[in-house]
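I'd like to ask you about the structure that follows.
Chain naming follows the written order as A, B, C and D, and within any one chain the residues start at number 1.
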Amino acid sequence: MLESLKSEVCQANLDLVKHGLVIFTWGNVSAIDREAGLVVIKPSGVAYDGMKPEQMVVVDLDGKVVEGSLKPSSDMPTHVALYNAFPEIGGVVHTHSTYGTAWAQAGIDLPIVGTTHADYFADTIPCTRDMTEGEVKGDYEKETGTVIIERFEGLNPNHIPGVLVKNHAPFTWGKDAHDAVHNSVVLEQVAKMAYIGKMLNPEMGMNGLLTKKHFERKHGKNAYYGQ
Amino acid sequence: MLESLKSEVCQANLDLVKHGLVIFTWGNVSAIDREAGLVVIKPSGVAYDGMKPEQMVVVDLDGKVVEGSLKPSSDMPTHVALYNAFPEIGGVVHTHSTYGTAWAQAGIDLPIVGTTHADYFADTIPCTRDMTEGEVKGDYEKETGTVIIERFEGLNPNHIPGVLVKNHAPFTWGKDAHDAVHNSVVLEQVAKMAYIGKMLNPEMGMNGLLTKKHFERKHGKNAYYGQ
Amino acid sequence: MLESLKSEVCQANLDLVKHGLVIFTWGNVSAIDREAGLVVIKPSGVAYDGMKPEQMVVVDLDGKVVEGSLKPSSDMPTHVALYNAFPEIGGVVHTHSTYGTAWAQAGIDLPIVGTTHADYFADTIPCTRDMTEGEVKGDYEKETGTVIIERFEGLNPNHIPGVLVKNHAPFTWGKDAHDAVHNSVVLEQVAKMAYIGKMLNPEMGMNGLLTKKHFERKHGKNAYYGQ
Amino acid sequence: MLESLKSEVCQANLDLVKHGLVIFTWGNVSAIDREAGLVVIKPSGVAYDGMKPEQMVVVDLDGKVVEGSLKPSSDMPTHVALYNAFPEIGGVVHTHSTYGTAWAQAGIDLPIVGTTHADYFADTIPCTRDMTEGEVKGDYEKETGTVIIERFEGLNPNHIPGVLVKNHAPFTWGKDAHDAVHNSVVLEQVAKMAYIGKMLNPEMGMNGLLTKKHFERKHGKNAYYGQ
């Protein structure tokens, strides 16, 4: 069942290690088969070293396990909430990468101050609000999805493929698992550069024209970009 | 004598290198056999490269060497003090890891500002007070244990498995040597992220509800966590 | 055609990876054959892993492709503008290296505060101005060259072989591709050290005499330097 | 001639690379044979990769080349000045290591704020004054030694085996080449930790009693230290 997607998701999880985004098991990747309405996700608490595609867990869009002998990642309900809310995304990544997590802990939106950022994210990467007592004590991981989705009211998740969950860490997404991992790497790197820049010049900013130019030369109708 | 524990302690010392927590011989791990009342610890000043289980030193809970041709780590009396004071811990680690040590040198408690921290430490990681002239000139390494234990009055060492010794460096502990090393890695990573976050937003904080949720979903009665 | 230059340019692109200056395809190197008036540059969007000399693209000094089945890097018009304006340079490098890019995003000139900097760059590494609407909406990559060249009015590009493009990233150059890469490594390292130094002492500065001494003992008529 | 010392010096230079203290050729190590009054030092501008003991250069205590077909490092006169002024040292190291150099560029003494520092350096690591016009235009590398020696008036170079040369970088020394490299690694690490600590708490400080305890338990008459 979904053999090819399981391989992709397994590999994408291993790529988190290769890109230095995770220590221990602090990260997870999923991908969706939109036709089947099924999500493939990393199993819970399994180490990356030696992870196999057949260990991936299959869940439906209600978050019920459809296949797999292991439990899905405990962050699964957040992944599923995002697939339900953002119909064009095909992969989701969650990590506790150093700089992205530090911005999330600081509770600050990650400002768009450079073309590296604008090449992948059309605007500021938003940070969610504090969760309420009801959300924390209730179906916490699902409600984590809820606050992300609320934060994207009026924003285009296809143009801003990531978020900072306050006091927690980033989530990113993309057209598939590989693309979502790619966006995680970018988020971590722009988080690091924006941190250094903010220390050098707290007033730093960026011309909106330039932002638009960079996003569109790469993602617009007449895209031509390639370094 | 205690062959299996010596292997564990030796491996845990080598894991400090693997996780980038030590340079030269700046770190040491011990573990205790509670039934026998004996502690196995790294020998003094021995390089990690080529270290063997049979070089580990065995001491009793008064800090007297029971077996081993090498001297125990000079930090041994601190380890022994912790085993005596905290009856449920099975392993102790001391390193001069970069960010943990920097917070210790700054003399500041490491604040709990994210779920990465709350997944392992239920609250702020405390920093000890200045040592007195008597403590420094007396049985210094044992007194280092004393100030740690004093700092934990009213705190649960099983829920906060680590401390910053002021102007010195962190100690962590856990149910065994491996777990104590794991907590050292976590302490260093959360120290790094809290540093970056504090630079971004000196007023950062975290909802106590969220703290409790994260610690309990991993360590509480109904633990279910696993990324 | 230009076999030897293609090999050099390919190797110089791979050296960006070796020196940790790029992730993904975020960087490109070119070199010029001044006699032939032809520039060899990295192809667009090609990964470094497995890149071959025969994939390099040849363009003339109007930016027209003369040879190559792949498209040239989208930054090619900036490279060509620099070769046209600075007649003594033989190689150009563009990267989004972490600290250099952070200074560019902060929009601040990189000050000369140490001999490491002065050994390679005779003065502050300048940052360009904001681009106008016309420049951004027009021939953007070529105009990026224009603002660099404008910033160098009154400056000697042979003595200051690099620039920060505001909200974008650094460009460096040199007598050939290898030398331009060398200057990229230096720019990144001095950007990192100047960042740390500015945090420690915002008033830091450097005696102009010492600057001159270091640049001239290495690049002056009676150069004698070598660590 | 001095075969064994050449091997030691060559290996010590290669150790700078292993410890991540140098890029390109930005560092050099020497050692002295006190009986012969001869210094062995890295040749000028030679890459570390493939460096051989027989390439080392031998100079006397006036800085004259006694043996070797290559030129000595251009920093040689500073090394020689230190050997002449500090009669008990056996090895000297100069690097542009990142954090040590940043403190030197900031022009600030590196404060003693932790036991890691106190285990090797008995007090603050001093920063030299600005050099005068005469010193810079005169025998510059020798005068670099002069300002270091002047800064150590009233200080014990055996207890503080290193210095920050303002706007330049650190020099360290030790009983032999290996020990001097060891002190370079320590200086870089304590420079990094003191940087982070100063950002966290600009008022940080350390009890002089603790400083003395740590230095003496390792270097005093009754030394017993070993982690």
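Simple rule for what comes next: a residue touches a chain if its C-beta (ideal position, glycine included) is under 8 Å from a C-beta of that chain, and two chains touch if they have at least 3 such contacts.
If you're wondering where the values come from, they're calculated on a predicted model, not measured in any experiment.
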- Minimum number of chain-to-chain touching steps separating chain B from chain D: 1
- Task: Name the chain whose C-alpha centroid is farthest from the C-alpha centroid of chain D.
- Result: A
- Turn needed to bring chain C onto chain D - CA fit, degrees, nearest 5: 90
- Item | chain A and chain B, separation of their C-alpha mean positions in angstrom | 33
- For chain B and chain C, what's the span in angstrom between their mean Cα positions? 46
- Which residues of chain C are in contact with two or more other chains? 195, 198-199
- Message: Which category does the touching pattern between chains fall into here: line, ring, star, complete, or other?
- Response: ring
- Query: What are all the touching pairs of chains?
  - Reply: A-B, A-C, B-D, C-D
- Task: Enumerate the contact residues on chain C facing chain D in the complex.
- Result: 113-116, 182, 185, 189, 192-201, 204, 206-207, 209-210, 213, 217, 224-227
- Note on the structure: Per the touch rule above, chain B residues touching chain D in the complex are 23-28, 42, 44-46, 71, 73-75, 94, 96, 98-99, 101-108, 130-131, 133, 136-137, 140, 167-169, 195, 198-199
